[in-house]
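Shared between the two complexes below is chain A, which has chain B as its partner in the first and chain C in the second.
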Partner chain A sequence: MMRKKMILMIGASSLGIILCFAASLAFGSRNISLDTVLHTLLAGGSSFESRVIRERIPRTVFSILAGASLGVSGALMQAITRNPVADPSILGVNTGASLFVVSGIAFFHINSASEYIWFALAGAAVTAIFVYRIGSMGYGGATPIKLALAGTATSAALSSLVSAVILPRTEVMNAFRFWQVGSVSGATWDGIRIIAPFLAAGLLMGIFLASALNAMALGDDVATGLGVRTGVVRLIGALAGVLLCGATTALAGPIGFVGLMIPHTMRLLCGADMRLVVPMSAIGGAILLTTSDILGRLIGTPGELEAGIVTAFIGAPVLVSIAMRAKVRSL
Partner chain B sequence: MKQTPYFTASSLVAGYDKKIIVNNIDIIIPKNKISVIIGANACGKSTLLKTMARLIKPVSGEVILDGKQISEIAPKQLARKLGLLPQSPVVPEGITVSDLVSRGRFPYQSFLKGMGKKDYEAVKEALDIMGITELANRSVDELSGGQRQRVWIAMALAQQTDILLLDEPTTFLDITYQVEILDLLTDLNQKRGTTIVMVLHDINLSARYADYIFAVKKGELISQGTPFEVITEEQMKQVFELDCAVIKDPVSGSPFIVPKGRHYVMVNESIEINE
Partner chain C sequence: MTKKNHYVEEGFRKRKNRFITVTFLLAVFVLMLSIAMLYLGNTRYSLSVIVRVLMGEQIQGASFSIRTLRYPRMLAGIMAGMAFGMAGSTFQTMLRNPLASPDIIGITSGSSVAAVFFILVLEVNTTVASIASILAGLLVACLIYVLSRGASFSGGKMILIGIGIQAMLNAVISYLLLRANQYDVPAALRWLSGSLNGIQSKDMAGLFWTVWIFGGLLFLLGRQLKILELGEHSAITLGLRTDQTRVLLVMCAVFLIAVATSVTGPISFVAFLSGPIAGWLAGKGISTILPAGLTGAVMVLLADIIGQYAFDTRFPVGIITGILGAPYLIYLLIRMNKSGGAA
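Now for the complex of A and B:
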């Protein structure tokens, strides 16, 4: 029964992704008919519309990848910190990336997306390691509560450093603003190529860990009794979560809400089984971010509204309505 | 009581950080029996159980299962022999009874091989033994304390181990559920021959259900044997620093302690106990 449900849900939502993909190519400041989209994809073409479509492909691919990564990253972070409202940034990844990027802009005068990526990745990695080390100190190793506390404290400290670097420098603020808002529009094939290996590694690790995370959801003691090496699983889970969130943030800037809301929603929809929650979070995240990007383009015409702004806008009502329905059902 | 060494610990020293809580304990767990570890609060009984369940790494000494140090057995292999129900497991939000119980099958699964026929059978059997088959699709959040504890034990049963360690499985349950849980564990011991080791607070229930009792005080094993050998006035005084009278349990004939304390009034009416 479980397997049937799994196949059904994953199948139906994969269809959703395909629809999003097509819609993302068709809609924007210039709307193009689906016929033309299909024709361009299959047969190519050199018309103006075909060129517009081809320009929209990398950002669409990226928004699907980024959404999936943030969704899985959130699911992993929530599982290893055993905190249902944890965010992928709970280990300080986003603020760490931000600090490195602003420092890069202010002190090393970086100004291209590909440079931002490496600074952001380095910042995410350094912060995550730092937080993990602090969270592992003392008795019991890296417990959920210690990790969350270490991450929150570090995040707060780093974000004040970010402000300290930005505030006296108007030009840094201007450059940083574009990165910080969280947008998929700057995606290029080159950028995607840089982060793709990190995303692939993170997604694979996430899927591989699902069953051990199921056991760990019952508490570390029970998990140990079931033969799970809790320390190893938590470390790999954190690593995967950081890779996914860090790499995505590097290219797009911090995009909030997807990593928080999607795994939570998926748990409400399909239960506590991580073997279902992880793939569904990937699919759900991809759909949410791509839809947000499309809506941002439609609402913002002739310009566009960044996806990072729209996610919360459409995500919050969806989450609230699902949460309310779940409550009613359980009563 | 002679036993072939099967599940044992020798010169076991364990604790948290630098504080030694279990101090040089040698223990042989009788095979196919119900053993109960008793002792005052913070005496180290729980730490002893946790160390034997490899939740805590011993400072020195070793825990041996079937002739092998448990630290040298692969975690999943060990999890097929040694089951464990810790004191405060976490109930994931919205999890169903059957999902929770099926997680006891983790040691038998690998990445490519999910739940198989054997796994479903083991889960079904565990639900059946614990009498919770009709709750299978219910959410664990909705259950009463006693039902929940049965679900947890069912999870440990689905693990199909020869040995089951339980850390205070009856705490927070009212008396009816306490007796019910201990009855179910006894059924399990009698039907399957499962070796059960548990920490219990209630000395009288321990005396009733245990084949063998270990008494721990300040990190040391100071008394062991059948309930009749351990539950005596002198030994209770020694273990718990409590004056008490030991009488015969009117239901089972096992030893039954009646604590004295400082304040009591002797009532003149004779109290009748229905045999």
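Now for the complex of A and C:
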């Protein structure tokens, strides 16, 4: 039964990804028929429309990868912190990555994606640990409200520092203004090639951890009794989560809320089994981010609405509804 | 019995004395910083010149730089600081949570969105923008309140919902800024973190009267606010019309926040930090509205002076308050988490 359901769900959602992929190549400020898309993909071509399609391929591939990474990152963070609002944007991880990247650009004159990524990863890791430490102090450990407040406060503080770094440097400012919104439009094959190993490592770690995380959902004591080394699992889970969202942020800028809403939706759809939730979060995240990007292109014609703005609009109501449903005591 | 009364009275008098001393000292501090704001700059004028210019005398050069540039800037700093400080302190006291300040729960962002939209996109004057940002602030406040009521109202729920709403509103601000004129960087920064740059006297009238009227009203309501802080049941028992009082307080606070935001942008952390600092300075027992307002003014003026003169680059005031405020904020979070009072 379990296996059947799993195959069915993964099959259906993979079909969804293929549809998204095709739609992302077809729609934009100039819409192209699906026939032409298919023809170009299979046989190539040198017409204007074929060139447009080839321009759209990297961003589509990237939005699928980034969405999958953010979805899994959110699922892992929620599982290891056992907290429904753990998400890269809420934990302030994105702002931490921004600060490090901007400082790198301003003080160390880094200028390529392969250098951005190390700064972004370092920033993401430092901020995540810091916020989690502050949020989990005191009675009750890391409750959603304490974690969310610690994250918001830290991001507010860090974004002041970001402004202080970029303000005297106009050229950094202009690049940053666009990076800050979170968009997949700047993706290139080179960029994808650089972050791909990080994403692959993070995704694999996530999938391997899934059954240990299932045990940990029963509580640390039970998990230890079942032979799970909770400390190691937490550490690897956090590492994977930070790798995934840090690498994505380095290329796309902060894209919020994908990691928050996708795991919740997936748990509603297919239950609490992490072996199913992790891969499904990857697929769901890919579909969500690609759809957001397509929507942004359609709404913003002739320009485009950045994917980060679209996901914030879809995701904030999800956070509100989690808050409304949560029991008062757990807040 | 009489001896006990004596102790109570003496305690009361002590607290009152401390309150008056602190308020007085804060006012003196604001005055000193204001004079420094008028004095510092590319050209420094002597005190007598400053006084003569303010009295209305025309002096070559000095009149322009003091009356047109420095005086409005100083006044905006004081008024915006007062407005943010008083409004923030009102929300914190009313919701009985030092983290429930309007800039954390999204009300300031609501006002900012409206102000950005009307000023950068529709390019209307400040009066219209102020009115729009008041309405937007009230709307967001209502929305958060309604959403967080549900079966049972809780401050924690309200804060979490506010953070969600704020994320959405910030996305709107980012979008509007991207679509605004690319070279309008100063304006962009004002709406991200607040700035006193380029404020003119004509923008000030609305803020000035708002602070006097609604700030005054909040000051008069200080007693009711203290009673409200005791909790719903005690307040009703003491004969307070809690709902009316709460609506009145929220209205005043949102007016202050919204008008100040439409002039200076959302200056980070001032609303958040003024109340706790003022409470710490002035002690418990008496409403901290007035000291909170003065603390806000001190923070804004001091941060603006630092931002203008301490570095090679001139930083807008909001960046300085953000950086200076951050460690205190984190300290506050740690302390509250340790004592278990956050939720």
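Quick note on the criterion: the second predicted complex is superposed on the first by the 247 of 331 C-alpha atoms of A that agree within 3 Å, B and C clash if a C-alpha of one lies under 4 Å from a C-alpha of the other, contacts with A are read in each partner's own complex, and residues count from 1 in each chain.
Simple rule for what comes next: a residue touches a chain if its C-beta (ideal position, glycine included) is under 8 Å from a C-beta of that chain, and two chains touch if they have at least 3 such contacts.
If you're wondering where the values come from, they're calculated on a predicted model, not measured in any experiment.
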*Determine, under the contact definition given at the top, whether A:R82 touches first (chain B), second (chain C), both, or neither.*
first
*If you stack the two complexes on chain A, which partner ends up touching A:A286: first (chain B), second (chain C), both, or neither?*
neither
_Touching partner for A:V278 - first (chain B), second (chain C), both, neither_ = neither
_Comparing the two partners chain B and chain C, which touches a greater set of residues in chain A_ = C
*Partner chain(s) touched by A:I105 [first = chain B, second = chain C, both, neither]*: neither
_By the touch definition at the top of the document, which applies to A:M261: first (chain B), second (chain C), both, or neither?_
neither
*Between chain B and chain C, which residues of chain A are contacted by each of them?*
138-139, 326
*State the interface residues of chain C toward chain A in the complex, per the touch definition above.*
99, 104, 147-148, 150, 152, 154, 156-157, 159-161, 163-168, 170-172, 174-175, 177-178, 182, 185, 188-189, 192-193, 268-269, 312-313, 315-316, 318-319, 321-323, 325-327, 329-330, 333-334, 336-340, 342-343
*Which positions of chain A touch chain C when the two form their complex?*
85, 89-90, 134-135, 137-140, 143-146, 148-150, 152-154, 156-161, 163-164, 167-168, 170, 173-174, 177-178, 180-181, 256-257, 305-306, 308-309, 312-313, 315-317, 319-320, 322-324, 326, 328, 331
*Where on chain A is chain B touching in the complex?*
2-3, 82, 84, 138-139, 208, 211-212, 214-215, 217-219, 221-222, 224-229, 267-268, 271-273, 275, 326, 330
*Where on chain B is chain A touching in the complex?*
16-17, 50, 53-55, 74-80, 82-96, 99-100, 103-104, 106-107, 109, 111, 114-115, 139, 141-142, 155-156, 159
